[in-house]
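Accompanying notes for the structure given below.
Labels run A, B, C and D following the written order; every chain starts at residue 1.
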Amino acid sequence: MITITRLDAADADTLIAGAVAQADDLRVPMCIAICDEAGQLIAFRRMDGGKITSSTIAIDKAFTAAGAKKATHEYGAISQPGAPAYGIQSAIGGRLMVVGGGLPVVMNGDVIGGIGVSSGTPDQDRQVAQAGIDAFQRSIRQAPAK
Amino acid sequence: MITITRLDAADADTLIAGAVAQADDLRVPMCIAICDEAGQLIAFRRMDGGKITSSTIAIDKAFTAAGAKKATHEYGAISQPGAPAYGIQSAIGGRLMVVGGGLPVVMNGDVIGGIGVSSGTPDQDRQVAQAGIDAFQRSIRQAPAK
Amino acid sequence: MITITRLDAADADTLIAGAVAQADDLRVPMCIAICDEAGQLIAFRRMDGGKITSSTIAIDKAFTAAGAKKATHEYGAISQPGAPAYGIQSAIGGRLMVVGGGLPVVMNGDVIGGIGVSSGTPDQDRQVAQAGIDAFQRSIRQAPAK
Amino acid sequence: MITITRLDAADADTLIAGAVAQADDLRVPMCIAICDEAGQLIAFRRMDGGKITSSTIAIDKAFTAAGAKKATHEYGAISQPGAPAYGIQSAIGGRLMVVGGGLPVVMNGDVIGGIGVSSGTPDQDRQVAQAGIDAFQRSIRQAPAK
């Protein structure tokens, strides 16, 4: 057997709250999804005005980042024409996302989940996802015995 | 043009909080999804221990209840062998749910969204969905000027 | 965070070997799939002569048993016409299996994975899945310090 | 009628064992899939730590290599912008893989199956797939009367 550590529902709330605060600062309503380390959805929020096309994209960015243990913008770089992973963006029925905005959540070197953000530019999405992770990292440092 | 009234993200929080409280009372961790009146996902939560097979089921129950303006258990009755809607459970790639636990959210006679719950028995799922709606109705009465 | 225990690749080998031995006894070549507790595929084997239509069915039985923490034949009973979960067999794009042959793998009361078997009658499939679990349980007792 | 020669379950074990040994050497846990000449899955293994996003990708690489009788990296070259097979990577619901790591298994000039590997870089995936084929070829030479 293997023992795994993963995000719980309270962690997902913290990640979403951090992302929402950043999205509010940017004045861009976002779709935000949190997956566990197995790529399974834990929580989702579409802010008022978030794009309905972004729901699935946010969920799939979180799935990709958690499952592949890689930021989606890294896939963006290596899936360009001529690059080694060209074509990967159509894989898994199109669920493998190579557009920025999906980040793995890492603790002690292990991927324990993923966050995916969509509705802004890829740079905005990535910034909002990072803000979610920053909020989560702060919450861990404030409650080290958790 | 048509003007539509629908649930917003804060309403979704209220619905989920009411459902979570009931699920805690039942000691059954649930997947809970909220859709707007167009059947589009607003919010989702998988409580710690909620079944991963229930994520899609909860989302599709909310989608069905909001979009078809009907409780999913009502579809359960009319989709039995020999009944008029027999076979409807396979429609929309299997997204049309006929198992109890999906309820439309209604205000002034209009469907403004849907809630879908899954992980318990269909009766438990329905009870938890109703608790979400009850919490939402209380929040409206307490804030009549909204 | 949550800490989870799940099947590893060596456990999957043990489960498959136990199932294959029973399938050989029955002289029915089977498709056998092992998922982790999150419903993600770990291992699959189609024995020579196993049905190609059974590959997806075996994988989805393992997914259902692991993810829903329930034997697929239990869903068979509660999804009959007039029963509470009628219609659930079309859920998740048809991945939720209600035909016997999918069993959760349980240790210390926790579901740590699932096994799915297909190609025989549902009773044969279930018998072969159980033989896989029996082999796994024996392996744990023989190596308690693992 | 046509008589077909294809990989059997024991061959699949040999292919996977060869691939796993190479993956261990590279210290990259991999997902490895073996299909028969009809593109149908025979065997699959996700090594401990293999990416869950790579399960479907490995299966689809094996499917593509066996069914199209071509290495997936060859499709990578001819599906670049401006090249003759541009766009093929979205075909078959995204199952046609153009990223390296899928190789046909050939005997006496006939394709008798395929191996697909995913979780590393495309070069690592391809190297591991080749190691599986090498092990299979050695096993044939050692048992010429098979």
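In this text, contacts are C-beta pairs under 8 Å (C-beta built on N, C-alpha and C of every residue); 3 or more make two chains touch, one makes a residue touch a chain.
All values derive from a computational prediction rather than experimental measurement.
Engineer: Check the residue numbers that chain A and chain D use where they touch, and answer same if over half are used by both copies, otherwise different.
Structural biologist: Different, since most residue numbers here occur in only one copy.
Engineer: From the C-alpha centre of chain A to that of chain B, how far is it in Å?
Structural biologist: Comparing mean C-alpha positions, chain B is 25 Å from chain A.
Engineer: Please tell me the distance, in whole Å, between the geometric centres of chain B and chain C computed from their C-alpha atoms.
Structural biologist: 30
Engineer: Can you give the whole-Å distance between the Cα centres of chain B and chain D?
Structural biologist: Centre separation, chain B to chain D: 43 Å.
Engineer: Can you list the residues of chain C that touch 2 or more other chains?
Structural biologist: 2, 8, 38-40
Engineer: For this structure, enumerate the chain pairs that meet the touch criterion.
Structural biologist: A-B, A-C, A-D, B-C, C-D
Engineer: Flag every residue of chain A that touches chain B in the complex, lowest number first.
Structural biologist: Those residues of chain A that touch chain B are 8-9, 12, 38, 40-48, 52, 55.
Engineer: Which residues of chain C touch chain B once you look at their complex with the stated criterion?
Structural biologist: For this pair, the touching residues of chain C are 2, 38-39, 63-64, 67-69, 81-82, 84-88, 90-96.
Engineer: Under the touch definition given earlier, write down the residues of chain D that touch chain A in their complex.
Structural biologist: 48, 51-54, 56-57, 60, 75-76, 79-81, 89-90, 93-94, 97-100, 121-123
Engineer: Going by the contact rule at the top, pick out the chain C residues touching chain A in the complex.
Structural biologist: The touching residues are 1-8, 11, 36, 38-40, 107, 112, 146.
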